[in-house]
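One chain, chain A, links the two complexes that follow: it is found with chain B in the first and with chain C in the second.
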Partner chain A sequence: MNCVKCKTKAVIGLPRHNAAFCKPCFNEFVHDQVSRAIKAERMFGRADRILVAVSGGKDSLALWDVLLKLGYHADALYVDLGIPGYSAKSREEVERYADRVAKPCHATLLIHTVQEEEGAGIRELADLINRPTCSACGTIKRYQFNRAAVEQDYDVMATGHNLDDEAARLLGNVLHWQDDYLDKQSPSLPASVEGFAKKVKPLYRLTERELAAYAVLNRIDYIVEECPMAKGSKLLLYKEVLNRLETESPGTKQRFYWGFLEKQAKARPVPTSMAEKDQATLRPCATCGQPTTAETCSYCKMMARAKAGIPR
Partner chain B sequence: MNCVKCKTKAVIGLPRHNAAFCKPCFNEFVHDQVSRAIKAERMFGRADRILVAVSGGKDSLALWDVLLKLGYHADALYVDLGIPGYSAKSREEVERYADRVAKPCHATLLIHTVQEEEGAGIRELADLINRPTCSACGTIKRYQFNRAAVEQDYDVMATGHNLDDEAARLLGNVLHWQDDYLDKQSPSLPASVEGFAKKVKPLYRLTERELAAYAVLNRIDYIVEECPMAKGSKLLLYKEVLNRLETESPGTKQRFYWGFLEKQAKARPVPTSMAEKDQATLRPCATCGQPTTAETCSYCKMMARAKAGIPR
Partner chain C sequence: MDAFLRLTPDASRKNHRLPLPPEEAYDLAMKIQLSHPERQVEIKGPKRVRELLRDLNLVAEAHLVIRGDDLVTEDEMLKDTDEVEVRPVISGGSVVRRKG
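For the complex of A and B:
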């Protein structure tokens, strides 16, 4: 199998593009897909300051790497959730990448530690308020990333969601016909309201497999295991099912997700963020000052409930 | 496991309804689901003459059986496609059921034989015109059923499509975002245009598994094998994938398909048939007189192409 561009020996085949690439041409392909995503969805420009949400997994580290290689001003935030046997290892991968690649490019790694800030790790917090860990984790990460981006004047927040993530989420939303979620499922949500950062997903044109290959070929170490809290999650089931369809018909995921985006663009040229809908009723949280539709934001409510029970 | 209605020993469990039934209560459940479908989608009334499209499989024979037991005036049409090793056996099952149950209820079985009418079976016809067998089969069956229903003054044509069929078809249409097909995917398509029969699917609230159980419990013999031409078909793959999701979350198929119908009903209270859209341009086929948007209808075009090559 030879590279479709330069005809040297290929290192990866991409059935959905009916193509194969050598390492340099594959890197070019990945960079090109990210550039096309940034341009097509008007994500950010050369002058913008970007905050990448990194987890230690292949996607977010590959995203940080591609943005730096493309010459963007991209810092990163890692939120240490204190998951036993997982957070320490994932944090190590993030710090290693930051030291080796990001810092020499004058990029900064910010770290927020939930244990230090709130006095307990995610599992303990979730247990205390009797909520599923993944749901508490979502609230914490959304809050921490948004606050850091807004307080430190980043123009945009970028996450490592890839085509598999977005197609799986879309399948879940379609199976339940969740119109509210379908409306919001865009790779670029504008910062329509003061206090909410613009959010973008520059990897939506690349699959999980392609990003794993990018990380391996470019010697980016990452945590391979899924988060132990995510076992049995619906998203993993939807990914499994989409992989089954992809094997039979390469290109199924991209037709499904990109087709949805085209359909959506025709129906409604500018995507609506959750915040935009609630614009009329937003006010500063009484506890932290972040925007919320209630007296206290959901993050502060959660922490107040948890703290009422945390042993000192 | 006991019957949720009468507390005697259950013969079948229905995880999606969190229920189990004995034989009489299960039959009542099946009859009730069909009655609800007929009512909800205004399919037909007591005075209407119904033509059931039967194939020899569990679904269409169960449909004929339920309609007769519910006291409807339901005749049936079997189209013998001449598939070696399959059509003879499926025809036998249809004739056996007709003799044993339908005829004593004063219902009639009509039979059209493609080999007799067109001089060749489906495989030979498809080969001659170089078209996939399933696509040629679809054209033939749609044409034969519609013509029989219209020429013999039936009020409505009923097919045995079940929840699995409709959910799989919906999944395919959604994966490709085929708006035209999505628009037409209704369990009841009105006879909006002269020459096109009204088409209904009274089994859309029942799964494949439930219909197999109904056939077995009521001693309706049917052809168990899938049509040999359908091997590797996309619909079978979509069914497999939906079964995987259903196992993890009972009720997935019904939420997906019924949710779609609710969404569709809100957006557009009356479903549009293909014919309605083309109403302005319909005229009688120059060869057979059936309505078509072209000079000659697709069935007659296909047969003309095939006959040009059939050895006399």
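For the complex of A and C:
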């Protein structure tokens, strides 16, 4: 198999593009896909300060790397969840990357340690308030990323969601006809939606396999075994099904998700109407001052319940 | 017994009387590192990457095949002396293709 651009030996074949690339041409392909995403969805500009949510997995580290290589001003935030056997290792990968690549590019790694700030690891916190770990985790991560973005004046928050993530989520939402969620599946959500900082997903044009390949080829060490709490999740099943379809009929995932985005863009200019709707109902949380639709935000409510449950 | 071991040749053939060059020795097989759960299996080569994945019931779209520090494409031929890693790319789990 030879590179379709320069005819040297290829390192990866991309059936969905009917292409194969050598390492330099593959890197160019990845950078180009991210640039296109940034432009098409008006994610951010050269002058903007970006906060990347990193987990130690391939997607978020690859995202940070691509943004730095493209010359954007991108810092990162890592939330240490205190999950035994996972958090220490993923934190190590993030710190290693930050020292080796990000620091020389004058980019900063911010770290939020749940055990220190919230008083217990995520699993203990979830137990205390009787909620599934992933739901408590979602509340904390959303809150802390948003707080960091708003308090430290970042223009936009970027996450490592890729084509597989978005296609799997779309499949789940369609299977259950979760219309409300469909509105929030855009790769670029304006600042006021949910009362949060502007959120973008610059990797929505790249598959998980391409991002893993990017990490391997560019010697970015990442944690292959991701969070143990994810096991058995429905999203994994949807990804599995989509990948079977993709292998038999390349291009299925992108036709599904990008096709949805096109239809949605034609149907209605959702973001503006949603932004207005949100702004009308938002007010500052009575406890912490962050935007919320209720008296107290869901993070403060959760922490109050957890504190009541923590024996003194 | 591990199902994959059946893919390596009969152990009795090790006692072949003629001396053989190392690459062609009958007890040599490529070493494959797998995840979920982590394990190593040996499979008799030569074999193309595409066929290796098929034999292991793994979906190509959900895996990368890595030899040393390099990626290998699906049309590449693997030899008995090769050591490769088949790495799942899906966060949190591997994708196993159903037989048939």
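Annotations for the structure displayed:
Note that in this section the second predicted complex is superposed on the first by the 302 of 312 C-alpha atoms of A that agree within 3 Å, B and C clash if a C-alpha of one lies under 4 Å from a C-alpha of the other, contacts with A are read in each partner's own complex, and residues count from 1 in each chain.
The rule we apply is simple: a contact is a pair of C-beta atoms (placed from the backbone, for glycine too) under 8 Å apart; a residue touches a chain by one contact, two chains touch by 3 or more.
This is a predicted model, so every value here is computed, not measured.
Once the two complexes are overlaid on the shared chain, A:Met1 sits against chain C while remaining clear of chain B. In the superposition on chain A, A:Lys263 contacts chain B only, with no contact to chain C. Which of chain B and chain C touches more residues of chain A is settled by the count: it is C. Judged by the touch definition given at the top, the superposed model places A:Arg255 against chain B, while chain C stays out of reach.
By the touch criterion defined above, A:Arg209 lies against chain C but remains apart from chain B after alignment on the C-alpha atoms of chain A. Of the two partner chains placed around the shared chain by superposition, chain B and chain C are both touched by A:Arg244. Once the two complexes are overlaid on the shared chain, A:Ser233 sits against chain C while remaining clear of chain B.
In the superposed pair of complexes, A:Val174 makes contact with chain B only, with no contact to chain C.
Overlap of the chain B and chain C interfaces on chain A: residues 240, 244.
The residues of chain C lying in touch with chain A in their complex are 35, 59-64, 66, 69-76, 87-93, 95, 97. Contact residues of chain A toward chain C in the complex are 1, 10-13, 20, 57-59, 164, 207-209, 211-213, 216-217, 219, 224-227, 230-231, 233, 236, 239-240, 243-244, 246-247. Touching chain A in their complex are the following residues of chain B: 174-177, 179, 234, 237-238, 240-241, 244-245, 248-249, 252, 255-256, 259-260, 262-263.
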